[in-house]
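Have a look at the structure below, then the notes.
Order as written gives the chain letters A, B and C; numbering starts at 1 within each chain.
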Amino acid sequence: MAAVMNTERALAAQARPRRQAGRDLAGVGVITIAAVIGYLLFPDNLALLTRIVAVALLVLSLDLVTGYCGIATLGHAALFGSGAYAAGILSAHYGINDPLLMTLAGVLGGALAGLVSGVVILRGHGLPQLVLSIALIHLFHEFANKTSSWTGGSDGLSGISADPIFGTFEFDLYGHTAYVFAIVLLVLVFVLLRLLVRSPFGMLCRGIKEDPVRIRAMGASPKAALLKMYVISGAVAGVGGALNAITTQVVGLDSLSFTLSAESLVMLVLGGTGSLFGALSGTVIFMLFEDYVSAANPFHWLTMVGVLLIAVVLFAPKGLYGSVAAFLSRRREAGE
Amino acid sequence: MSAVFEVINLRKSFGGLAVTNDVSLSMEPGDRVALIGPNGAGKTTFVNLVTGNLKPDSGDVRLAGEIVTRVGANGRVQRGLVRSFQVTRLFLEMTPAEHVALAILQRRRRSGRMFGNFLSMPDVMDEVNDLLSTLGIAHLMHRRVNEIAYGQQRLLEIAVAMALRPKVLLLDEPAAGVPQSDTGRIEQALADLPADLAVLMIEHDMDLVFRFAKRVVVLAAGAIIFDGSPADVTKDACVREAYLGSYANASHAA
Amino acid sequence: MQTVFSIAVDALAYGMVLFVISIGLSVTMGLMRVVNLAHGAFAMIGGYIASYAARDLGLGYGIAVLLAVGGTVIIAVPIERFLYRRIYGAPELTQVLMTIGITFCIIGIANYVFGPTLKTIPLPQDLQGSADLGFRTIPVHRLFAIFCGLAVAAGLWYAIERTSFGVKLRASVDNAAMAAALGVRTEVIYALSFAVAVGLAAFGGVVGAELLPVEPYYALRYMVTFLVVVSVGGAGSIPGALIACLLLGAVDTTGRYLMPEFGEFFFYLAVIAIICIFPRGLAGRMK
């Protein structure tokens, strides 16, 4: 009996990495199919879909620090906006219009902002940490507002233009190239992140989220690991910001706003934290809904977001994707 | 032989209360020491001071001659001082394999690796298998911790500690909360510990103490009142007073 | 020298207004351990009610204040009963989300009912103009704000230290289960404390309307400020909150006087610096 169980467990162990890889591929498949459906359903509104992808990258980056590391932050848009401004400034002030270089600038800008944010935010725990995150986003916002010679201030940064990718794919008015570019970036980042959360580093961060004392008793430094994760998160958010800058050709102060930070948290929670899939589904649902309702008064929208938040907390604390996933896995375990 | 673990004149007070009162202790490789004492004697505080989770008011801790009093908790683990917890602190959603693998990877400084999965690292998995088999919980390797019995969780605590290849091991009540029927497994695990490892065990279970320890240290009201062989501890007057009678004076080394 | 005096008076007034509003949040957080991001929204409601009562209904200032406090408490009671009670003891993220949701709703409704413009609360004759202290003149309503802050501090201290309600409150803060076992109706204590906290916030919102203008985004604009007071002063500590408020009042006012261009930037930088220096609050206690 024990021998049979051992073989079963060994097979299960072997099956696990394969099952995970299978889920990754499924995820890529779902994204691609959704991308195609989106293209077919909204052929005239590819700009919206591209923006959804950019924000999805921000929400993915937030999932890294909130869902996997347990840090509640209301200042994450700082990383997105830094990436956006980095890419924008490279083009508008230095004339470097190659989209790949601009994306790289976004990565660096976001990572740097992630480093700064991490150093500040990790100084506190609990409420002080939250307050630091709020103060930080306001600080970034004010900084961008005042250095208007670089950022355009409240008028926004314009004069951004993007050369054709690889010299051949031009950014056309219909947004086809932009959309494909966005989807490719999303798939790449998604795959990399799925690998990351399964890696030893990902395991370490999940342990830190649950019990930092235990992690220290294993000889690891929670702060060092969390800071690394913040930098990675910054890089991901920076990609989103750069994508936004490249495809809309303008960067506004709203990409560094508290509202964007709060909304990205709403999207993450709506979908469910700690799975990456939740981040994606939450973003898509929220932004499609926002677009549908956006004709209305912005304050009505704010009320609706508020109601949505309260509803999620009361009725679906694991988020929409999270609740479905939990339900399915309970069914699966009951069947075993 | 030089001491692998030394505590020198350690003191800690909370307000006016001296919780650790001029404690000195030294251990050689291979020692098997039991730290006992009535409730409130300050045993867990002592462990927290020694492992770096609490700052002492004065005194030093040395590992293999190096003063580690200023070194943080994780630094001391990297230098070979490992503890297990009195109340299990495990990651409930993770599996025993993941726990041990994390410890092994951390020991090898590879826990920061961002790619690859430990399940497909044969050298890591071999060690995981060995360790969990030694403790008899290999069959639970891929079960979540919140699904395994408490006695098995205590064994996992020991496995995690051993995965860090310690030079000095502090076991905080390894058999605490474990039903009588399972203590045998834990005793076996303790007996199988490497011979050159210095082990300090805090325990209340006297049977376990007498079977395990070559040396007994008694802590009462923050100070050491006895440091000697198990055979002598029951006869010592100070120890009897500490456990049985009202206790007035703290400093009384046997 | 004149500038220093002006800064000091404004800082003191601003600090006292902050205190009146934030002390309620400090109590809520210390007692119910709820991270309440919606506290500023209640202060805003108070300001709106008072403005409506005084401007549109033409009622006196005193009545407007009473209506504001009473009205806000009436609005808050069902919110506490149906929403806040569900998140006592919940993880921090859950509380943050719920209270942000409440804040957004209140902002949206406020805009719908009152419109997006700034609302003023007309001051009565007695509070207008300046008082002559002999060596300087001070706007009377600033003096009024300072006086209100001190009165609230004294009143609260008395209520908490000297009354039986205060004893039960302190017992519930220390050990809720034990207090309940001793017959203290902790649910009632929580509800009452919440009402007091919200009432104080509304009062502060009215009294401070000259310094913190009432408009729909008020709740978000000052959210950081109120939270910083509590996190620096320590939840549940009156002296801590006082010191934190005065400190923040000084920082904000100094920034606005000396560097009006960069006032806000300087303020947030100072907030970050203060929290980084005192990550566990002034009292050194981790909350």
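Keep this in mind: contacts are C-beta pairs under 8 Å (C-beta built on N, C-alpha and C of every residue); 3 or more make two chains touch, one makes a residue touch a chain.
Worth saying up front: this structure is predicted, and the values here are computed from it rather than measured.
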Compare the CA centroid of chain A with every other chain's and tell me the farthest one.
B
I'd like the most central chain, judged by C-alpha centroids against the all-protein C-alpha centroid.
A
As a quick test, compute the distance in whole Å between the mean CA positions of chain B and chain C.
49
Return the distance between the CA-based centres of chain A and chain B, expressed in whole Å.
42
Report, in whole Å, the distance between the mean C-alpha point of chain A and the mean C-alpha point of chain C.
34
Tell me, which parts of chain C touch chain A in their complex?
29, 35, 83, 86-87, 92-94, 96-98, 100-109, 111-112, 116, 216, 220, 223-224, 227-228, 230-231, 235, 261-262, 264-265, 268-269, 271-272, 275-276, 279-281, 286-287
Seen from chain A, its contact residues with chain B in the complex are 2, 5-6, 9, 12-14, 16-17, 20, 195-196, 198-204, 206-207, 210-211, 213-221, 225, 228, 232
Within the complex, which stretch of chain B touches chain A?
51, 53, 72-75, 77-78, 82-83, 85, 89-94, 97-98, 101-103, 105-107, 110-120, 125, 138-139, 141-142, 160, 164
Please name which positions on chain A make contact with chain C in the complex.
66, 72, 74, 120, 123-128, 130-132, 134-136, 138-139, 142-143, 146, 258, 262, 265-266, 269, 297, 299-310, 312-314, 317
